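Input: a single structure, listed below in structure tokens.
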Amino acid sequence: MMDIGHILKLVQAGDLSAEEAELRLKSIMPGEEDLGFAQLDLNREQRTGFPEVIFGEGKTAEQIILIMQKMMAHNDRVLATRIDSAKADAIAAAISGSVYHPTPRAVTWFRNPPLEKHDGYIAVVCAGTSDLPVAEEAALTAECMGSRVERVYDVGVAGIHRLFRRLPLIRGANAIVVAAGMEGALTSVVGGLVASPIIAVPTSIGYGANLQGLAALLSMLNSCSPGVSVVNIDNGFGAGYMAGLINQNMSKRLG
Amino acid sequence: MMDIGHILKLVQAGDLSAEEAELRLKSIMPGEEDLGFAQLDLNREQRTGFPEVIFGEGKTAEQIILIMQKMMAHNDRVLATRIDSAKADAIAAAISGSVYHPTPRAVTWFRNPPLEKHDGYIAVVCAGTSDLPVAEEAALTAECMGSRVERVYDVGVAGIHRLFRRLPLIRGANAIVVAAGMEGALTSVVGGLVASPIIAVPTSIGYGANLQGLAALLSMLNSCSPGVSVVNIDNGFGAGYMAGLINQNMSKRLG
Amino acid sequence: MMDIGHILKLVQAGDLSAEEAELRLKSIMPGEEDLGFAQLDLNREQRTGFPEVIFGEGKTAEQIILIMQKMMAHNDRVLATRIDSAKADAIAAAISGSVYHPTPRAVTWFRNPPLEKHDGYIAVVCAGTSDLPVAEEAALTAECMGSRVERVYDVGVAGIHRLFRRLPLIRGANAIVVAAGMEGALTSVVGGLVASPIIAVPTSIGYGANLQGLAALLSMLNSCSPGVSVVNIDNGFGAGYMAGLINQNMSKRLG
Amino acid sequence: MMDIGHILKLVQAGDLSAEEAELRLKSIMPGEEDLGFAQLDLNREQRTGFPEVIFGEGKTAEQIILIMQKMMAHNDRVLATRIDSAKADAIAAAISGSVYHPTPRAVTWFRNPPLEKHDGYIAVVCAGTSDLPVAEEAALTAECMGSRVERVYDVGVAGIHRLFRRLPLIRGANAIVVAAGMEGALTSVVGGLVASPIIAVPTSIGYGANLQGLAALLSMLNSCSPGVSVVNIDNGFGAGYMAGLINQNMSKRLG
Amino acid sequence: MMDIGHILKLVQAGDLSAEEAELRLKSIMPGEEDLGFAQLDLNREQRTGFPEVIFGEGKTAEQIILIMQKMMAHNDRVLATRIDSAKADAIAAAISGSVYHPTPRAVTWFRNPPLEKHDGYIAVVCAGTSDLPVAEEAALTAECMGSRVERVYDVGVAGIHRLFRRLPLIRGANAIVVAAGMEGALTSVVGGLVASPIIAVPTSIGYGANLQGLAALLSMLNSCSPGVSVVNIDNGFGAGYMAGLINQNMSKRLG
Amino acid sequence: MMDIGHILKLVQAGDLSAEEAELRLKSIMPGEEDLGFAQLDLNREQRTGFPEVIFGEGKTAEQIILIMQKMMAHNDRVLATRIDSAKADAIAAAISGSVYHPTPRAVTWFRNPPLEKHDGYIAVVCAGTSDLPVAEEAALTAECMGSRVERVYDVGVAGIHRLFRRLPLIRGANAIVVAAGMEGALTSVVGGLVASPIIAVPTSIGYGANLQGLAALLSMLNSCSPGVSVVNIDNGFGAGYMAGLINQNMSKRLG
Amino acid sequence: MMDIGHILKLVQAGDLSAEEAELRLKSIMPGEEDLGFAQLDLNREQRTGFPEVIFGEGKTAEQIILIMQKMMAHNDRVLATRIDSAKADAIAAAISGSVYHPTPRAVTWFRNPPLEKHDGYIAVVCAGTSDLPVAEEAALTAECMGSRVERVYDVGVAGIHRLFRRLPLIRGANAIVVAAGMEGALTSVVGGLVASPIIAVPTSIGYGANLQGLAALLSMLNSCSPGVSVVNIDNGFGAGYMAGLINQNMSKRLG
Amino acid sequence: MMDIGHILKLVQAGDLSAEEAELRLKSIMPGEEDLGFAQLDLNREQRTGFPEVIFGEGKTAEQIILIMQKMMAHNDRVLATRIDSAKADAIAAAISGSVYHPTPRAVTWFRNPPLEKHDGYIAVVCAGTSDLPVAEEAALTAECMGSRVERVYDVGVAGIHRLFRRLPLIRGANAIVVAAGMEGALTSVVGGLVASPIIAVPTSIGYGANLQGLAALLSMLNSCSPGVSVVNIDNGFGAGYMAGLINQNMSKRLG
């Protein structure tokens, strides 16, 4: 971008075609497509490594279907999160090949059967069965990015031996998602036992002074173990995305 | 109290002396002594098992000395908390036999060398060295109540094996105080491993989203392990008192 | 755990059987059973004195029934809390001998008629009739642990004489649960009158600046009376468990 | 105000002098005096029954002295609150007859010795000795308004019998100020025992989850006893003013 | 209470009858009646000037009816607040003479037509029409206590002249209730214009950063006008009670 | 107002008619009309440039219709916000010429077809499609005030090039409304690129630590770009009003 | 930006010089200058109408001086805020012509005597003398932008007539800054009386439940008067900037 | 750990030496060393890839020196954070070879000159010069872990072109730390432009409604760009550690 003048001089001198110059300039300032009620960010995959993800909450089934169809024309995979079952039915009827995942309440579509591209894997660990929807949203998101996912569920610290039995599996992961509600203590315990980066996702499981997940959020932000970072409450998507990104980058460069 | 009329009729009938009647009535409504700027609650020990404790913050050294002297006339032991070193010097000069404990910042005085009266003990567990002042306030308070105290310090969950090595000692206690700052996860881990009641005391150790100990407080209130109750942030005194009370009651009745 | 080497040397020398060695090592790291969607912590009773309790919120009736059946195979008593009446009907139909308690919204099952094992008792005190569900959850939990419970209800401080009439009953308890909403002042008043440990449980009764029970929670954490510790808002189970634990330990050692 | 037209017509018709008309119009829109850095509200006493009170925090001694001198020209009494001792010395040197009250940190000046004008009195009740500065600010404010004040100090609920001994004195008051920190439970207890209006003032005494007085504030706002209203944390002035107003109005009309 | 001994000696000496002695002792410790699920505080009227008020939220219609019937046997007036229309129908069917007030959602019952006993009145002022339910709860409560009420509604500061037109009526009141939501600025404006005590009641009218009434609550607690005290959000009952108490006391003593 | 005396003297001297004098005095204290449940502020348009706007939440359809009819008698335009579709149907049936706008949930009525009076325009910018209802409320409000509105929607910073494409349009506006939820970062980015005043309106779009829009509100209040001010969460009306006012004033004076 | 291809084609065709093309492309992506510890945004004035302002807090005097000197080479005016007196002395010694303003704690430098460029003015209104530093920061900022400022100070609502006397002056302003602490009610009162846009700036004046200005902030965000927007607590600079921007734009286009 | 029995049987059978068995068992339960006031976790590097880091706040210089000396006996590198300059002087005098870094306030010691081990690098990006201490703590931490660090400072969104110029450098990093205060918008803007994982660290730079960094924290947790996770306020160490871990793992496996 700093050498705009230089590029233009090359064009003027005929040393660079206008087409090539446009391409290089556009690589910094990518285009978009105007769908009326939304501006699809169609080359986000080129920019960030993954297509725009549809956040289903607050959108009608019709809007979601329209966006999905547009995206299917430009991308090989589409992920829509926070889809309730009524919207899921409408989407399934409209878009052949789409799949609804009821626990994480998400819809996926793939042009070709997804291939597991990476040799590494991520671990998704959760404290209790009530944390499953968030954990599964994380797992599904990472799988959409091409990661293999190992699930380690219901290993909360009230019975800490359950965690220890699975430590080797957790330790082998390139990135670890820890989903926990209540006091979220599982994060710090895992953090003290592994050498892989941990993405902690607080869930809103709890009541009273839990404050809809704020207690777990604060707990995780104050973890006494290093190597831990945190995403928003119930944001399984964000945690899975971050973990998938780390695993994808590690594998991409390895390959 | 409900039979005031009955008591009075007995007195009227001469079946009960006025002195005895007064005693029975007063057993519900105990007296006090007016020291001007304070109303000493001199028979609190009879009512609750321990004399009134002097909270030193916001009182002058002179006030503390005056209260201590009054209490020494009625009790065999005196405990004053939150005493800075300047006040401690003044108290030491004025009251012979008083002892200052710099880490918990407390002053004690005993008429006779304190005798360890109970056969059981309490465990005071803390996560890091920064939690020591709070842990020591808990330990000293319990010792003033006649409890033996076992200290298990610096066993935070970032290196959880440190805790496991000391589990048998912790498990043998009649009551367990757990002091921790940051995310306070130690409480839940201990809670899942023992059968004794735990009194958790959050400390204000941490920064940022720790919110001066609120993160640890909320974490402890939301512990996924049962058998845990919580006192105010940095309230080592309260935790030690509660633990001492449990141990004292268990031992008293055993004897 | 520290003497792993020593144990192993004994085994190697033939002075300790592998079976015995395994038992001693396992005493620190107990097993579990994998039920797919949950990892039951079957020897929690050995570790903490009471079997795992089923938190019904966010679980389907089917899940609860399955967990109960598994637990009934390993334990003599099962407690499930936060069960609404629809789930309760399904459970009653599926599990013979289970009993639903509508006020505390809990299900219990006992292999044999529960025997009151302890000679002491706990007192459950509440401020108003709206606090009954929480108070009853505390009482039922303690009863499941074998405690006798004395209920002292609707004795809030707006008519403080109601409390005084029942003081002797409260004073005789090994542990006292105080459930109160609004400003929770009852806790401090009781705390100044008794020598037994108090577990305070704030309820979410109130409105406006009550902040769903936060006002009572903060009030109880700041109690000017010592000998008070606090559990989460509306956590009758936690309060009853803590009180039951204290009473059980006192009685166990007495026996 | 609604009859501006009518007043003007009377003036036009000569039935009302311009001077009288101006007086009546001005009775609604009172004047002021511009002192440069401040606009003194000199007829506030006529409007609200008491002259403007000087809030000393954030003002220099020079500014306070200048304002006091202006006010002394128009009023018979001046009250300045939140004055530290350094400013107090400067004021004492500059304004003869002014008196500094160190506990409530306030300065008063009276043209004539203050006469106790009212036959009733207010009671200022506080929970602990640390609440004294706030309680004394309330008492002094009410005294400046002509009220007799009965002080009932250090009667917190941890030793509730201390309160009961003084109940008759409290009950006789036209209005009651209750100052308390920590959990502020004293307010509700007094509220259940008297028939006079209570003005509760939370103090910032406490630590940790006290949140600089917020715990006591919330507690008082949620009092289960009716007849209680609340002022800002540490606002002894506001509580004393409100109580003094009630007592003054009752006495004025009685006279 | 301090002279228990003296009273008893008088009884013993025959100088005081047991009956009289009981009466004097009981004056401090009043009785109650146990209705099973509630402990009615039947002599609260003697103690505080008004019978216990029934808070309808969280109680069944049956419980409310039962309590009302018991109270009707001991009191001449009964007030029940927070009653929805379904419960109101049940109460109307069961209790002849009860009246439902839909705006404040309250039920009243009087043995005899209520007589306006006091010569003074209170003013209930509100900012907008959305504040009416709270304002009416305040007005009705004060009327139940025998106060005449002047209503000054919809005079919020966005059109401040509406307030000025009614100032004389407001100024004449013995006590003023100001109900306002949003930013609650009306309180401070009225406070600067009158010499009567103001009880401010924040309402939960607003959205977003209003935080369900917290914005108005904080605003009122920080009023720059003295002579203002505050009750809980939406607590019209509390504000009306406080105002009614002031007016009742002023009138009682005047008579 | 300061020259009341002077005005009156002029009247007395016959130099000013009573009518003229009344007019000048009334210019400060405008009248109103009492509709029973509401005090319509009918000359608000003269005072502030726009008639009172009806806030529909918490009002019945009947009340809204009645207020609209009264206002239609005095004003050429009426705006009612926060109207759900059920109320909208009732209003449409009762008031001919009224128009319901479903996205911003508002009703408008104009005596004559609204004329676009101003030569400038405002820009309403929003981050995502979920912010549309708030953005449209802002746009509609400004249009009611006579402003032309340019809409720039779905240009959130996750795909920042979408914003850049529309910068010239945004830069040309007299005032800019930026509506955004989640972290609200769009405000600061726009703020660094334009020379027109920005009114930021946080929306409640988000979840978890978004805290119903508080995250975006705080973000906008702390914008590192100057020239930004903020209105309440979801307050599209307030933002549109402020922007419309700026544009109206600029255009009025230009004409 | 969308027509990069078009621009390049023009260049290629020789219809646009490379220099001109660069200029047009750069108009969207302006340059900067790297000073090591800071990246000065030197063409911010071209982009937003005012040069970058130096926020003095957290910068050393040396850093401030260096930045000022660089800016003086590119701009005709420099404003630095939040400068304490020690730093001010160092700046005065180093930079000839710089002026320190002690009340708003700001430094200004102008190449030529500032000319008042605009025919309109802004009004800065504040509630009390303690709000002066914030009000003066607003006034000085606007003056630096070329606005004439009318100051209306100490007109808080406790004596609301003080405000009314100055209404005509306030009403004549193109934009109004209202600075107030405590409950910030002044904003809403002014908002109901004028037709100019108001920028409200809460100050941190107050104590207790004021929460360092949060009470005033929330109050202003919830103002019942439209035409009000809000900046951060104590952000006089932001308020003055916003007001100056409105006035500057109005005047610029008028000229 | 699950095969304890198997291991023991092997030992018993002589197929495994006791030493080897101990080693394998200890690999799960690592040892420690008791230094009295602290339990050093000496094999944390083996477990998590980096030695325990000394948090200097709340520790005396003597304690820090003693811990450093112990650690130097077991590790090749030592990092101590939150060291003020007074403690730094004492450490420098006691420990030869230690280096103090004043901006991040940290001390490092290396047995051998640190070798840059990894071929990738991390980028540390910050919004303003006030964020430097936090950014430098992140950079230094990552460097201690063997990462090369590229610093991109003072590129806040108020002048967003400063960021664009450095995008290629940022995009090339294996992990990106973004440090920002105020509204923290930089995180989301970067997040929309890169394909590497971002660790966001809010700083406490700001005032008023910034709430000591909470505004930036909430903003970052709610980022509309995926691939972002967050650490505690001012926790540069945590952000640098997480980024260093990702880079180290990527490089380790590449090698």
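General observations
Each chain carries a letter (A, B, C, D, E, F, G and H) given by its place in the written order, and its residues are counted from 1.
The definition used in the following text is that a contact is a pair of C-beta atoms (placed from the backbone, for glycine too) under 8 Å apart; a residue touches a chain by one contact, two chains touch by 3 or more.
Please read all numbers here as calculations on a predicted model, not as lab measurements.
For the pair chain B and chain G, chains touching both partners: A, D, E, H.
Two chain pairs, G-H and A-G, are weighed by contacting C-beta pairs, with G-H ahead. For chain G, the chain with the farthest CA centroid is C. Per-chain Cα centroids separate chain C from chain E by 39 Å. In this assembly, the C-alpha centroid of chain F lies 49 Å from the C-alpha centroid of chain H.
With touch defined as above, residues shared between interfaces to two or more other chains in chain F number as follows: 1, 29, 44, 158-159, 161, 164-165, 191-193, 208-210, 214, 217, 221-222, 225-226, 232.
Which chains touch which is summed up as A-B, A-C, A-F, A-G, A-H, B-C, B-D, B-E, B-H, C-D, C-E, C-H, D-E, D-F, D-G, E-F, E-G, F-G, F-H, G-H.
Residues of chain D that touch chain E in their complex: 1-2, 28, 44, 47-50, 53, 120, 164-165, 167, 174, 191-197, 199, 217, 221-222, 225-232, 237-239, 241-242, 245-246, 249-250, 253-254. Within the complex, the chain D residues that touch chain B are 129-130, 132, 153-155, 158-159, 161-162, 164-165, 205, 207-210. In the complex of the two chains, the chain F residues touching chain D come out as 1, 4-5, 8-9, 11-12, 14, 17-18, 21-22, 25-26, 29. Taken in their complex, chain B has these residues touching chain D: 29-32, 37-39, 41, 44, 52, 55, 57-59, 63, 202, 204, 212-214, 217, 232-235.
The touching residues of chain A, when paired with chain B in their complex, are 127-128, 156-160, 182-185, 187-189, 191-193, 206, 208-211, 214-216, 218-225.
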